[in-house]
Amino acid sequence: MTTPYEQLAKLSITLPPVGVPAAAYVPFAQTGNLIFLSGHIAKKYDSGAAIVWTGKLGENLMTADGNAAARAVAIDLLGTLEAACKAAGKDLNAVKRIVKIMGLVNSTDSYTEQHLVINGASELIAEVFGSSVGSHARSAFGVIQLPLGACVEIEMMVEI
Amino acid sequence: MTTPYEQLAKLSITLPPVGVPAAAYVPFAQTGNLIFLSGHIAKKYDSGAAIVWTGKLGENLMTADGNAAARAVAIDLLGTLEAACKAAGKDLNAVKRIVKIMGLVNSTDSYTEQHLVINGASELIAEVFGSSVGSHARSAFGVIQLPLGACVEIEMMVEI
Amino acid sequence: MTTPYEQLAKLSITLPPVGVPAAAYVPFAQTGNLIFLSGHIAKKYDSGAAIVWTGKLGENLMTADGNAAARAVAIDLLGTLEAACKAAGKDLNAVKRIVKIMGLVNSTDSYTEQHLVINGASELIAEVFGSSVGSHARSAFGVIQLPLGACVEIEMMVEI
């Protein structure tokens, strides 16, 4: 059995610390054995500092860009998920199931590849957790705009 | 007591098999006694083959079209729900409550009848399950675009 | 056996409680100790009558207007939450955690302050329940249009 940590190491991914929400809410909330992660907007690193990954699919970003942004969001979500697990006295090995994600794609009114964008997150999750823990339900759709102009926002629900 | 199957027969509805997701996720995920169904996009049948029901409300589709599309999505969701029940060793008779649906309507920026569109799904669910099991919480809203140009996408959460 | 006529009667005699939007769903649904509240659209009062609070951020409403609308929605949500608690034989004192809200902001394609709009709801919730019960996960995003032209719609999930 491979652990999520072994998979992350194989992928050369270091989980980031939990980001500070831009507003009056918290990054995650647990009820029973379910953890609800807030919508995380896409960020990229510029000289080591995280800045918002802005843009609109169909306008100034290609599907491959959006896919990379969604993968980056998934890594940030896993960082928050690890913090949530630790708050419960556990770690990522305690994840029983990635239940569902909701993926929002900043889109023009003619861009129709939101599912391919959000695959960037879904595929990373499957790589890290394997197909039985990592295979999740999902909704993906286009939105007219996101906070701070981000190109992608994803929220996640997890069973531990 | 009428069963969901008797109601489906009365409505002459045959549940479809579970569709293959267009991307890297699964059609449903269960945690505890809750089943989360992925967002299902509207499909219609052309010479027996399911094709994406494309279009935008306020542009090339009327509210009645959207309502019919939402009803079609609900039928597909019930097909997936039956598969989810069977995966748990049960069938639709085990459904205790349709808890919530989220209905996304591909809309122009002046179209404001998303609630009437999504009623096509909500009313079918009520017909099939009756008012105590079938009455659900709901959010409905307009989106700028959906995967593959679909006119409607709906996700559902169910207690068994 | 229920006849189709009895079934139609059952659907039409479902009396909505005060404040239920005119569509085929209910204001809340409980499963286990979780209450799911339907998306509530913003309303304001005109000579004592509640009317839909219409408008689009970035076009004819400022961020401060949207923030006030989101606060008004939160008040309506708490009214519904109290009704949900009473339906379970309890009251708002039984709320253990506001788990998550989803905030939809009717936006132009260049408006990027959805997080500041939805703060109007998040901050009221924190005021009413305090930071340990009231601090919640959240997603906020822009949508192209909402039912009846509302400027804001918010759904909420609560543990009792």
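Just so it is clear, A, B and C label the chains in written order, and each chain counts residues from 1 on its own.
The working rule: contacts are C-beta pairs under 8 Å (C-beta built on N, C-alpha and C of every residue); 3 or more make two chains touch, one makes a residue touch a chain.
Treat the numbers as computed from the prediction; the structure is a model and nothing was measured.
Trainee: Residue numbers at the chain A-chain C interface: does the shared fraction exceed half, giving same, or fall under half, giving different?
Mentor: Different, since most residue numbers here occur in only one copy.
Trainee: Which chain lies the greatest distance away from chain C when centres are computed from Cα atoms alone?
Mentor: Taking each chain's C-alpha mean as its centre, the farthest from chain C is A.
Trainee: Using mean C-alpha positions as chain centres, tell me how far chain A is from chain C in Å, no decimals.
Mentor: So the centroids are 25 Å from each other.
Trainee: Compute the distance, rounded to whole Å, between the mean C-alpha positions of chain B and chain C.
Mentor: 22
Trainee: Return the residues of chain C touching two or more other chains; collapse runs of consecutive numbers into ranges.
Mentor: Expected reply: 32, 109, 143-144.
Trainee: In their shared complex, at which residues does chain C touch chain B?
Mentor: Interface residues on chain C, with respect to chain B: 1-2, 4, 7, 10-11, 14, 21-29, 31-32, 36-39, 56, 102, 104, 109, 143-149, 153, 155.
Trainee: For the complex, give me every residue of chain B touching chain C.
Mentor: Contacts found on chain B: 2, 6-7, 10, 32-34, 96-97, 99-101, 107-116, 118-119, 122-123, 126-127, 130-131, 135-144, 157, 159.
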